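Presented sequentially are two complexes of chain A, the first with chain B as partner and the second with chain C.
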Partner chain A sequence: MANSGDKKNILGRIAETQVVKSIFRTGVPRSRRQRMMIILNDVFLHLHPARLPVSGVKLKYTWCMGGLSFFIFLVLTVTGILLMFYYRPTVEYAYGDMIDLREQVPLGIMREIHRWGAHLMVISVWLHMFRVFMTGAYKPPREFNWVVGVILLVLTMLLSFTGYLLPWDQLAIWAITVGSNMAGATPFAGALGPGSSLLALGDVNFITPSSDARFALLGGRFVGEGALLRFYVLHCIGLPFIIMIFMSVHFWRVRKDGGISTPL
Partner chain B sequence: MEAFKDFVNHVTRPRVLFPLLLVFTVLMFPPNEILFKINKKLRLYKLWTRMGGIIFFSLMIAFFAFGLTDPNFKKIVTKPDNVPIVGLLFLVNFFLWVSMKQAYENDARMDEGKESSEAGDAKEKVLVWPDLVYIEFISLILCTILLMVWSILLKAPLEEPANPTVSPNPSKAPWYFLGLQEMLVYFDPWLAGVVFPTVIILGLMAIPYLDSNKKGRGYYSFKERKMAISIFVTLWLLFWIFLITVGTFLRGPNWNFFGPFEYWDVNKLEVLTNVNLSEYFYMIWFKRQVPQNIILRELPGFFLMVSYFGILPPLLAKTLFRNIFKNLGAFRYSVFVVLLLIAASLPMKMFLRWAFNIKYIIAIPEFFFNI
Partner chain C sequence: MTVPNPLQGDAENKSVVATPITRQEQTASTEVMDRRSFLKLLFLGWAAFAAVAAGFGTMLLRYLFPNVLFEPKQSFSAGFIGDYNVGEVSERFKKQHRVWIVRDSEKIFALSTVCTHLGCTPNWLPNENKFKCPCHGSGYYRTGINFEGPAPRPLERFKISLSPDGEIIVDKTVKFQQEKGEWSDPDSFIVT
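After this line comes the complex of A and B, so read on.
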């Protein structure tokens, strides 16, 4: 019984209320059993196993890089949604909305967090891959999760690439122009790629600047209105959707492959 | 000071720095016993100690601190979108050091017949709440603080509004693709921009299936996986991080090279007198006209490519890679060697360019097919 001698602070009391108990079924995780239950009962914490070998929780082993990649992804999702309130993906408005974000929005560092966070995520994913390599964690039975990881790596860079266009300034359109020109050189599928002139019926070429891989990417013959919309949709909906699917698989497999890697 | 800057400007030219770094990296991460012995003799492994790390990072910091006193250096390095790449350089080297230090410590333990420190740790289990959740929470807070401070201090760049008629000089891809853009110096877009990225992705995916070494899972170790680490780290450091660094900091107008302390002069001229292999072959060696017939004209190039990808692999299987061939079997060995040869084609082409001004080995511009 809570009498005056039993020193229960205010937090402790709040934790005993019906409301809090209904949310966190386990109660304050004091006992060993409760600490296991809190992991098992919570949908988010349940990404973890309840117990791990000591090597797996050490910072010097994982550098927490995979976890940080995921966390930065969440930060980017939140800031991205906030940016979507202000940003309109048209040639007419996009640039002006960028200026407004800087000058009109109070405490406007959303764009900064989103941009630097994007850079940071690319870096942290690379470092995570490097850690996985250096610990040989891709070896059986985790081969396939490494493959899933490579897909995540590509998706991360594509997300960053599609976002790069959206400010619609000189930096943006010319970076995307340089990048997407490569698509025009795809063998067979790009108008300037080797072999594309072979795909012709008599005089009619199938692969022209208006019907090649680059055109499909940009929705036009150069980086313009079509490209902006395409990149916007991919950046805000298409790629996040796909990367979340692959992340789910990735996390699932970390668990199913026996948890974090340990020596045999 | 000026002499030092001139020296750095000179040494950072890709044709000087790349070969130097290549030799250095292979010695730092020796793929076989012989090079491992040389590494030991030269005491290069000392870098992977606390002292080595302190010295290395002090030098690195000193270099950047000194560089910032130079207006040209400062201008490039503090460009908002370039700041993350400075961070990248420090982070990559830091984590390289962290992993190699642990690897050498583990190797030393295992030499004494003890187990790796991870193996010791793995015997005991701890509860995720609070042990792991706590670490994650702290990392997450630190990461948030880092992002906030960075965002307050450094404004996201916004240049002039997009103008399709005025292209900036140089036009650069986003930084993480600058390694590929740098390869454009040596290869046509269909290779540098399409084939290589595809090969990189497929090659990465293939790693677990090509590394047949059962040892070295779940702990840091170098000795047990010399070859694997050597290949991966060389490709990662030199062919990716280094090329990004060159593309970001050292490529100015017209994609010309500029040393870190050099002014980006739009009018800098670089004499390009590159010739194709066919011209070399027919005009310089045989002193006659280049043939009209495409096949005949490109015969030397075709011959070279066929020997490179057709004759070299079996040759290597009999010699240098005898053990790998035995372990992997014919099919996986072929995949491994072809990937490796494609990767090696980059330094080869660089060398041919620098030493002989070779532009293309096979040049069929009629079909946009240039190698």
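After this line comes the complex of A and C, so read on.
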């Protein structure tokens, strides 16, 4: 703390400038308390525990799967934004743009990173869940964070599902056709689901293939222009927005629930 | 494992001295709302908020259902009876309208190309005399009756009729399902 007098230490002098002091208000972290204050006073770092037990961050124990999931999410965000510069979500251009991203665009590997990253994220999220289950890290006081984690798992799957349609090839169209037909079997809200005929006035049925849950999801009677645009918007804006909110809660709760769980 | 308390030692406990509220300050504000009217106002406020939120939620839900679809028309002209040979499964309208026109020795009918399992499009295999779905292997006879794979029911047929000048009109908004006994409906085929 008493380094300000040392004029020879250039790092020390930089640390004493007003710019640095205005950003890091607790000063150069020299004491244990200052190191903790750095974490607590930073909007990004404060989501994390200020201190971690050594035994809790052993790779053998955590597999680092939660951190890896988040890292892959960041990679997917960056590559996804880059892909958006070239990809047009229309029936006319989507497939061609996807091929061009691979064949013509500089660093054609960007699309492959996004695609393989998406597969990796699903795997790492599952492994993270498996680790948490096997180490009993879901037990009180962390049971709420387990629930948040399950929501994050579902959102990861939905991001995968919506991204699946965007290449607009045969696999994409038929996979989404099959997947969205499940929405048609929703109880009460799907035209093929149980109880769909209950919502009717005389002979007029309100839940038809042109007015049910599947129709709202696809924006049409089959996987076409409307579905492509809807899935694109959900994939690029809607679901990432929601997943970031839940991720913030998830990380913050790790800290609030007493930090990372430790081996018993 | 023991971690020394980082707050110990150099914690600066600044004691904040609360300034006591005097009697005079408390009675200074003349308009004092009683508990009952405050709660009433609070309830009204939240009720208004809930009503607006519910209204907007309904609008949002309705917003997701488009009024105009840029999809092919649901009914189309399929030419004349003479365009089809007896025993033929025509794929002329498969791509555009997702319908097979099938003619047998006594009638013509319009068969939906949507697999009843999960909605893929089966292929017509003339050599094997059957429809075969590439997704999960459902098989249908030329009549549309399912006989293999996971398909739970036969393919659907559409309303088919003759216009006054003898053109075949297929109307996809009306469908006929075999398992409901609707294939005997005269609207579901044209006697040739």
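By our rule, the second predicted complex is superposed on the first by the 213 of 264 C-alpha atoms of A that agree within 3 Å, B and C clash if a C-alpha of one lies under 4 Å from a C-alpha of the other, contacts with A are read in each partner's own complex, and residues count from 1 in each chain.
The working rule: a contact is a pair of C-beta atoms (placed from the backbone, for glycine too) under 8 Å apart; a residue touches a chain by one contact, two chains touch by 3 or more.
Note that the coordinates shown come from a computational prediction; the quantities given were computed from them, not determined experimentally.
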Quick one: is A:Ile245 in contact with chain B, with chain C, with both, or with neither? Answer first, second, both or neither. neither
I'd like to know which partner A:Val20 touches here: chain B for first, chain C for second, both or neither. neither
Report for A:Pro263: first if it touches chain B alone, second if chain C alone, otherwise both or neither. first
Report for A:Leu192: first if it touches chain B alone, second if chain C alone, otherwise both or neither. first
Chain A contact check, chain B vs chain C, more residues touched by chain B
Just checking: does A:Ala172 make contact with chain B only, chain C only, both, or neither of them? Give me first, second, both or neither. first
For A:Arg221, select first, second, both or neither according to whether it touches chain B, chain C, the two together, or no partner. second
I'd like to know which partner A:Met36 touches here: chain B for first, chain C for second, both or neither. both
With the two complexes superposed on chain A, say which partner A:Ile237 touches: chain B (first), chain C (second), both, or neither. neither
Regarding the shared-chain residue A:Ser55, is it in contact with chain B (first), chain C (second), both, or neither? both
Across the two complexes, find the residues of chain A that touch chain B and also touch chain C. 32, 35-36, 51, 53-55, 174, 177-178, 181, 222, 224
Which residues, counting only chain A, touch chain B once they are in their complex? 29, 32, 35-36, 38-39, 45, 48-61, 63-64, 67-68, 71-72, 75, 91, 95, 98-99, 102, 109, 111-113, 115-117, 119-120, 122-123, 126-127, 129-131, 133-140, 142-144, 146-147, 150, 153-154, 157, 160-161, 164, 167-175, 177-179, 181-187, 190, 192-198, 222-224, 261-264
So in the complex, the part of chain C that touches chain A is made up of which residues? 1, 3-4, 6-7, 10-11, 61, 64-66, 69-71, 118-120, 135
What does chain A use to touch chain C in their complex? 31-33, 35-36, 51, 53-55, 174, 177-178, 181, 211, 215-216, 219-222, 224-226
What residues on chain B touch chain A, complex-wise? 81, 84, 87-88, 91-92, 95-96, 98-99, 102-103, 115-116, 118-119, 121-133, 135-136, 139-140, 143-144, 146-148, 150-152, 154-164, 166-168, 171-177, 180-181, 188-190, 192-195, 201, 204-205, 207-209, 211, 213-221, 225, 229, 232, 236, 364, 367-369
